[in-house]
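Below: a set of structures, written as structure tokens.
Next come two complexes, and both contain subunit A; in the first it sits with subunit B, in the second with subunit C.
Let's turn to the complex of A and B:
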């Protein structure tokens, strides 16, 4: 909490030297921002509105074409279902766990938070590979559970209808710990006088959690949901590797991002790929703007 | 958990009937005390189950390279094999594509550190400039930084590929390093740090003593910013090291892969998940893949173990506004 943010006072603002120095300090970063943030976005926009059969303005053609692609709607549905499961589990379990961990003793809660957070080190392909093993009944440490569901082979476990759950579990494994830390920190910030007053008024632990704690960390829950939605909508590594490990059982365009990838790399249709990328980029931008404008968590003074 | 508290009478009666028949412990009617003991043990159980969920895959992963592939199937998942088997797995892994694993690890280190170095050299002054100087467009730059920082970075991967492709930079290490070094989160962290932690009076004093803007930054502000530099370095390194999608699309040849893409390559070459692959000449089975995963996560895991405090601070950066 070294970064306690306070709006800079008027005196600080007055002391800010108005000079070219400011431009010099931000110049390098501005170059990267333009070259690697703005330029690719603009270029993708240009491509998205260009005809795939050569140059010429395509209007919404590429967008319409990608919407009509027989793989597009299923990909959106898959990812939508995954997002639903993932977000509900985030809200219920992360908030629930943070509340419970917060009531434990200092040492227990430190150990628990660390244990929950540890798998966060395994982002990217590593965590997916670990789960490929965990979900393979032949070698799984939880094979008794898998057998309990009646699944005896890897392909049964990763059957298409299970995948949204599988990906939600993977995402929870690597991501939930970090969010529990955030919620825990937010709970720590609730003024103790407030809790004391509620306790004196006879609030039970349940009432304390439901009427005081959760409303006080509401902003952070909103932040988590929007951010997780934005990240989850971009799903790529997980379905890509699972599809590869399934030996063709899982189709390689499971998520919209994979479909965009297939447009670019298999069909050589950069315009179609751009159209889908723009869809996803706009979705990400809307979420980010929503967080900045609505939650009030980040102030640009 | 809520239902166990608010359990209504008929349910309780029903439960008791069932428990009586199975000789189970009676809960519910014994009054508050029993109930709260039951609830408390339920909470402990829940916490333990969740801890197991997070730990079990990691423990399995740590033990896997100590066993042979057949022992992984036959023996208990938590049995320890032998250290000599780890050495055998290592030799097999090393033999894969003539030591490809070492090349991948080296590539990961090069890309991650190069990206991190640029991110710091460029990002820390930017955060400083946003925090202590005044210029036209400052506010706009700050808002854009916030939005790009929150937006998932994967959303930019395919547009970046299309850009690099038209610039004929695909396959060049810089097509990965430069996007790694574009790190708005680091700029925001530095901005917050310089607005809140470095006193404006100190900087003003340096200027009065005749420091130019650059010298004020270089000799006064930057040395005070070591904690935030370390934090930015850490977050950027972890993000770079774990990035899969960007190098996956940018770098086509195996000797350029970072370890994350290398793992994917390993996955498609192991008979463990690809029975069609002739396993006779390849010795990359599950223990070898598990060992490769461990090597891939080792650097990040080590940093995690030693800097949990810094991490928490970083996660909460901007969290404690009110």
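Let's turn to the complex of A and C:
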């Protein structure tokens, strides 16, 4: 993803080999996309409208059942708050840090980009494990900070009202680095004549950032929000792992995705689980559609 | 045993097993993928019997175990060269984990892949495993395990394995709660060991006044309910019949205990931390400030010796605390062996499970109190062989093994998990136990009704 912004500037003369190579490169992704993305989605759609007690059309039955579930609303509330915290911090900090990196000299910016990207090198579950240690005052390297908040035990750190923040921090730590690189790349794509002209007109670095740079990378920010919303609303690994590590102090159905998991594997109701998955899919699509329309993401400029 | 003991011994094993869980069970894609694999044509729980393997001289049995029970299966392999064990290590379903249930429902959908014998640290797993929706556990009474063997288990220890009159699991160990105390400290402070809950409370108040910083218990564990409310005979999960359960957390038997504990939690003589946590080991273990703790028979080795590093020759066990006119106790864990109803050779699988639960070869070396009486008798002879305890706990263990109240049933969900996420955060935040009983009852009731139980509240 970090390199996609360079694609338009690449011009290769030899056409045929390039298109074959293109298909070859895409094919691996396409197979995975169809096998692990599209096909299961279609299957979930089929299941969501079937009765859980054998076959037969269920209409909206599975959806109604999951809406009425006593765990559904709390899960949506938890995840909603988490999304709000995460998306706001993601947009503000990622764009801010990318702008900072962009104004630094070449060597500093290379070092900074590397440092930002580093946490992203850990896979999802592994990074949660790192945070389990960081957030436990008994073993944390930043225990002084936790003590400063008045938290002396892991149980206090993961109190229910802290959880949306805790998960947002984890998600930011693992996910933001990659996005900073994408934004940095986008900033590099701004024509230098434009920047030069602005500077000649007496624009300060601050004005440059607000009036030129941010509007120019607006579509990239929209793109980030769409993807971040989708992954954020499907929150699963963080609450699941922290819950297990704490001996179950976090509700096992903290997020809607966990509720879907509980439907499938505790209630043995794959149809209900599919209905909740479809809810999340629809939510993500609505969000994406809104952003695409409002920002003109797909319009050629 | 014991959902907690394996990580009490090695704090990191808990995390390790979680990684495996996250990698295999987690993430929506896993659910979705499973949906794709299964399809609706295979009804969940359909008993798709596997064709028996072509008989050969060496027969393979696939077993799933936690790391604590691994030496037992290895010992079986050594003494039975004709049977080939395919040993798979998994989390053992510790800490209210649900990976076993997840895997079994996936295998039910794909129609293959089941293990033949499973060890689980949660005896409550027998509830769903024997349920007709899952159809995983095979009933063992009907010829698979000789009835003479079944009769050898301690009184009531197979109760959590019994559904509709059939026995679906073999109990590995009993995790009866006793009163652990530091004899050296008690003598130093001039205290006598309490025998009733009232005396326990009085002593707690004395400790808070005379020796602040010392604790006589903990209330932040996911199993605190098993320590206190089970011993108080609180009717929070009492199975009355098939899918009919009594949940009444406002009963006097519940409130008498929370009223007794609340002042002690408030004055600090009962810690709000979990006895198994790193925080507790650091704050109270390292400085040897644990005067007493009500806990399972396995606490001696796992909690005091290994996790809290209490010096040798100080800890001793006393009989469970009593209420006027009754002397029941609780239980923290107690593992089970399940035999798959899909096993190619059920008789052989049952033989492996029975050997693990009953043979002296393994059980006398096991870290926990054997549920099988003849094995327990042998085990008790060497319980203090290392001389760690200030006095031999054998007599206390043997007596308390028969005192576990039978009114707490294995339900289709983990009641510990409900306690952990509804009550423990409240205690951490400084709320009283009494004020949390209502929320706990509601959460239990909601969960039970979702799974199809009729809930009776009186």
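Just so it is clear, the second predicted complex is superposed on the first by the 242 of 301 C-alpha atoms of A that agree within 3 Å, B and C clash if a C-alpha of one lies under 4 Å from a C-alpha of the other, contacts with A are read in each partner's own complex, and residues count from 1 in each chain.
Note that in this section contacts are C-beta pairs under 8 Å (C-beta built on N, C-alpha and C of every residue); 3 or more make two chains touch, one makes a residue touch a chain.
As the structure is a computational prediction, the values presented were derived from the model and not from experiment.
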- Task: Figure out whether A:40 sits in contact with subunit B (first) or subunit C (second), or with both, or with neither.
- Result: both
- Query: Which holds for A:116: it touches subunit B only (first), subunit C only (second), both, or neither?
  - Reply: first
- Please work out whether A:143 is in contact with subunit B alone, subunit C alone, both, or neither, and reply first, second, both or neither. first
- Between subunit B (first) and subunit C (second), which, if any, makes contact with A:22: first, second, both or neither? first
- Message: On the A-aligned overlay, A:234 touches which partner chain: subunit B = first, subunit C = second, or both, or neither?
- Response: both
- Query: So, does A:192 touch the first partner subunit B, the second partner subunit C, both, or neither?
  - Reply: neither
- Query: With the two structures laid over each other on chain A, which partner does A:69 touch: subunit B (first), subunit C (second), both, or neither?
  - Reply: second
- Message: Just checking: does A:287 make contact with subunit B only, subunit C only, both, or neither of them? Give me first, second, both or neither.
- Response: first
- Task: With both structures superposed, pick whichever of subunit B and subunit C touches the larger number of subunit A residues.
- Result: B
- Task: Report, in rising order, the residues of subunit A that make contact with subunit B in one complex and with subunit C in the other.
- Result: 36, 39-41, 43-44, 47, 124-126, 129, 132, 138-139, 154, 234, 236-237, 240-241, 244-245, 247, 257, 260-261, 264-265, 270, 273-274, 277
- Message: Using the touch definition from the top, list the residues of subunit B that touch subunit A in their complex.
- Response: 1-2, 5, 43, 46-47, 50-51, 53-61, 64, 72-73, 77-78, 121-123, 125-126, 128-130, 132-135, 138-139, 141-152, 154-156, 158-163, 165-166, 178-179, 181-182, 184, 187-189, 192-193, 195-197, 200, 203-204, 207, 213-214, 217, 227, 238, 242-245, 249, 260-261, 263-264, 267-268, 273-276, 286, 289-290, 293, 296-297, 300-301, 304, 308, 311-313, 315-322
- Inside the complex, what are the residues of subunit A that reach subunit B? 1-6, 8, 11-13, 15-26, 28-30, 32-33, 35-37, 39-41, 43-44, 47, 93, 96-97, 100-101, 104, 112, 114-126, 129-134, 138-143, 154, 173, 177-178, 181-182, 185-186, 189, 206, 220, 227, 230-231, 233-234, 236-237, 240-241, 244-245, 247, 257, 260-261, 264-265, 270, 273-274, 277, 280-281, 283-285, 287-289, 291-292, 297-301
- Interface residues, subunit A side, partner subunit C - complex: 36, 39-41, 43-44, 47, 50, 54-55, 69-71, 124-126, 128-129, 132, 136-139, 152-156, 159-160, 234, 236-237, 240-241, 243-252, 257, 260-261, 264-268, 270, 273-274, 277
- Item | Parts of subunit C lying in touch with subunit A, wherever the complex brings them together | 4, 14-15, 18-19, 21-23, 25-29, 31-36, 38, 40, 43-45, 95-98, 101-102, 105, 109, 133-134, 220-222, 272-274, 276-279, 281-283, 413-414, 416-417, 420-421, 424-425, 428-429, 446, 450-451
